Amino acid sequence: MAEVTIDNLTKEYGSIVATNDISIDIDDGELVVLVGPSGCGKTTTLRSIAGLETPTSGSIHFGDTDVTDRAPQDRDISMVFQDLALYPHMTAAENVAFPLHADGQQPETTVRESVEEVARATNCEEFLDKKVVDLSGGQRQRVALARALVRKPEVFLMDEPFSDLDELLKRQLRAEVVRIQKDLGITMVHVTHDQEEAMTMGDRLVVMNDGEIAQMGDPDTVFNEPARLFVATFIGSPQINRFDCRIAGDRTLTDGELELELPADAADVLDGATGEAVTLCIRPQHLSWADERPADSLAVPVSVNVIEKIGTEDIVRCRTAGGTEITGVVPAGALSFGQEGYLVFDPSQLHLFDGHDENAPRLN
Amino acid sequence: MATTDTRLTPALGKLFLLIYAVFAAFPIYWTINTALKPLELINTFPPTFVPTDPSLEAFTWVLTNSRATGSIIDSLIIASGTTVLSVLLGALAGYGFSRYGDDVGGEDVAFWLLSTRMFPPIAVVLPIFFIFGWFNLQDTHIGLILLYLTFNLPLTTWLMRDFFNKIPYSFEEAAYVDGYSPLRAFRKVVFPLVRPGLIATTMLSWVFAWNEFIFALIVTGNDVNPYPTIIPTLILSNQILWNQIMAMAVIVTIPPTLILIAFRKHIIEGMTLGVAEV
Amino acid sequence: MSTTRWDISLPVVGDRLADRELAPYLLVGPTIVTVFLVTIGPMLWSLWLSFNRWKPGSLAYQEPTFTGVDNFAWLFTNDRFIHSVVNFAYYGGVGVFIQVALGTLLALALYNYVENQTLRVGLLTLFVVPMMYAPLVAGRMWQLLFLPGGGVVNGFLGILGLPQPSWLGSRWLGLTSIMVADTWRASLSDSLYEAAQVDGASRWMMFRRITLPQLRNLIIVAAILRFMDAYKFFDKLFVMTNGGPGSTTELPTYFTYLVGFQNFNIGRAAALTWVLGLGSIITMMLFWRYMRTVEEV
């Protein structure tokens, strides 16, 4: 196992810039998740680590070794592909053994032992002798994992392998991958567009957008202190509430309809704003309901428009008199359709960004 | 009304199939029937539907006559030679178009290549006739082998490109990542998966070359005589030697028919790509 | 069998990343070069020839002599050529219509009314066997069936006491007889094979009931492909009527063959091949445009 260092990686396809000057340091044994919408450059970054793409500029090191110009077969990596790339003309066992036959040197007994060992770890002993076409979706995932793990590579890469699975299986496999990764201490890079998957799996997230890194950090930091407006809106479910405002006074913001009076300590950072435009965000989880306007707090009068049940909590989509949508999370059954009241902002959980652009940096 | 309709249509449909089956099968039967009859029973009224005294005389003639056997051997050499060349080159190009299509001009170049096959053969053979004259390729096996590339190479390239397209590129990438060189990845992963397609392409290409006539008519005739050029000459003092022609027809149609039956699924798939007719 | 061939030919895809940039050209190059040498190059030369008078063996035009568009002017005012184009229109129009309709009906009947899988495969195979006949051989076979005296077709008609026409002895009957032979050998190809891809009766029935527009596309595609074949039509005509009686059943490719290889009027033949070639290119483009709109929908 090794650490992976990506320095100033740029990949251009003609005039299209897939990744622009990306630098990431991945520690030995760390699970890093590259997350972002499609076309953000996450897969290009992963494929560059694998050697399947040649960077336009920049370098990639495994430990102290520069692998930038090495072909994939000389990199000691393994990868689970989005379509899994299991070979239909082989059985599950033959697929798992495939990487061990790469140099044609391994004796058959060692191969079999390794296959059985990794099959135990990934729970696919029972269907090792079946053809790939006869396996279920979940079984295929396990075989693909086993094939990637069998050679105990330096770096383990995963390109959205779970995207076609149903929710339950997805959760189960995520947990399993994390367990195996921790047990074996593997350096792993995982790519996904699913922010929830990224949050649950990653030791560290690299949030990407438009070929650039929007933020790098552990899940808590990315969730609680999004560095850019894009990160705030991309991470978190239900999606964060966003108010595109202008500065209307020392402590006051207005989005055209609402007058938002910030608490004094929160308002201090407005001095750092470069212009009039400021975006205020707050997560639905940080709004609470009040039937009467509370004194001395930031609150918005709304009526309940839609209620989505998710079990212990309800997601309530509310609307102001002027039609602005605001989403809150309240205990199950607390509110009913059409109910009127106030959504109260938790003053410690306000996110302020310098501008309305998705690259707008955080102010507070 | 609706019930009559649903009852009547299947019956009509089956009747139609039966009639067409007779239409399709009768000339096949008549080929064999004629080959088994002596010449004097061929032009008769009423027709001799079942030969009373079948004779293998015409078959014996085909298999012992040096012109007939020689022409079949010529056809074998030419069809096989052109198939080897066109499958070899076409498989490489098909792989190139499938995997690196954008680097080499994309779909348009591949399609442009296929469209050269749509040109009337007479348009190609007219200039080729003289060019072959300069290079002493007229009336040679190699000349016809090269000439048949004009329709077989676009066919094999296009078919192989399609067969390779069915194998996801990630299959190869996965092998690279697992430590395989491109050559070994090709042998272990791509080749076993493309083999049925390769066989179908080989067979189709062979059948087209085997049955070709106009090129053979124009550029050969003395030293080299593919079998279709022999058939119009089987005439004895204004009398067409029908039994010998049909015996030859039976013999030369057997290989393509066996190929069809053995590789039916793959060949039909190949033909579906809309490039079937020569 | 071809494993060894692959082994020799693939080391061009090298191990180092830099080598891979060359690979596409090494793979595709030989084919492009070959097609250029055996098709494109000669065709370009023939394009030049089409603007020349060239009659090897004659005194006046031993060598190609530039005559501008004379060859084209000649052919567009040549009655025999125009006659062959009219035949082509009849053959292409009526023949294609009948063949495509027949092919489509057969496919529908085969996949709707034949439940037994073995029988269906058997019939499909029977319908495809005629395609394995060389066109020339098929032509010979049908010539025999259509013989005016002792042919089976007239034999049947005689038994039934019906008139026995001379099938290959006049223009329209001759063309129609050739069309029957051609239908026997190849009518099914495109529509039937398209249908064969839709495996299983249930899917085919769904296909018929729900996506009738798709069936329309299929028929149009098959018709265009059959039409393209009509440009090349030669072998059966060559054995069945030899263009006769007289020159009444000639089709353009056959006429071109006569001008080029009987009269050795190479410049004129070249002009003819280019007119035919452009015709098929235009048909081809229509086909391609049509395929693209279909794919987009």
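Each chain carries a letter (A, B and C) given by its place in the written order, and its residues are counted from 1.
The criterion applied here is as follows: contacts are C-beta pairs under 8 Å (C-beta built on N, C-alpha and C of every residue); 3 or more make two chains touch, one makes a residue touch a chain.
Not measured: the values here are computed from a predicted model.
**Q** For the chain pairs A-B and B-C, which is connected through the larger number of C-beta pairs in contact?
**A** If we tally the contacting C-beta pairs, B-C comes out ahead.
**Q** Please indicate which chain is farthest from chain C, where distance is taken between mean Cα coordinates of the chains.
**A** With centres defined by C-alpha atoms, farthest from chain C sits A.
**Q** Could you please state the distance in Å, as a whole number, between where the Cα atoms of chain A are centred and where those of chain B are centred?
**A** About 55 Å, centre to centre.
**Q** Quick one: report the Å distance separating chain B from chain C, using the average Cα coordinate of each chain.
**A** 14
**Q** Counting only residues that touch at least two other chains, what does the list for chain C look like?
**A** 15, in rising order.
**Q** Counting only residues that touch at least two other chains, what does the list for chain A look like?
**A** Correct list: 51, 71, 73.
**Q** Of all the residues in chain B, which ones touch at least 2 other chains?
**A** Residues 181.
**Q** Touching chain C in the complex: which residues of chain B?
**A** Answer in residue numbers: 9-10, 13-14, 16-17, 20-21, 23-28, 30-31, 34, 42-47, 87-93, 95-97, 99-100, 103-104, 109, 111, 113, 115-116, 118-124, 126-131, 146-147, 149-150, 153-154, 157, 181-183, 186-187, 191, 198, 202, 207, 210-214, 217-218, 227-228, 231-232, 242, 245-246, 249, 252-253, 256-257, 259-261, 264, 268-269, 271-272, 274, 276-278.
**Q** Can you check the complex and tell me which residues of chain C touch chain B?
**A** It comes out as residues 2-3, 5-7, 9-11, 13-15, 20-21, 23-28, 30-32, 34-35, 38-40, 42-43, 45-46, 49, 102, 105-106, 108-110, 112-114, 121, 123, 125-138, 140-142, 144-145, 147, 149-152, 154-156, 158-159, 184, 186, 189-190, 193-194, 196-197, 221, 225, 228-229, 231-232, 234-235, 238-239, 253, 256-257, 260-261, 266, 269-270, 273-274, 276-277, 280-281, 284, 288.
**Q** Tell me, which parts of chain A touch chain B in their complex?
**A** Those in contact with chain B are residues 50-52, 71-73, 75-79, 81-83, 85, 87-89, 98-99, 101-103, 147, 151, 157.
**Q** Under the stated contact criterion, what part of chain B meets chain A in this complex?
**A** 168, 170-171, 173-181, 184, 188-189, 192-193
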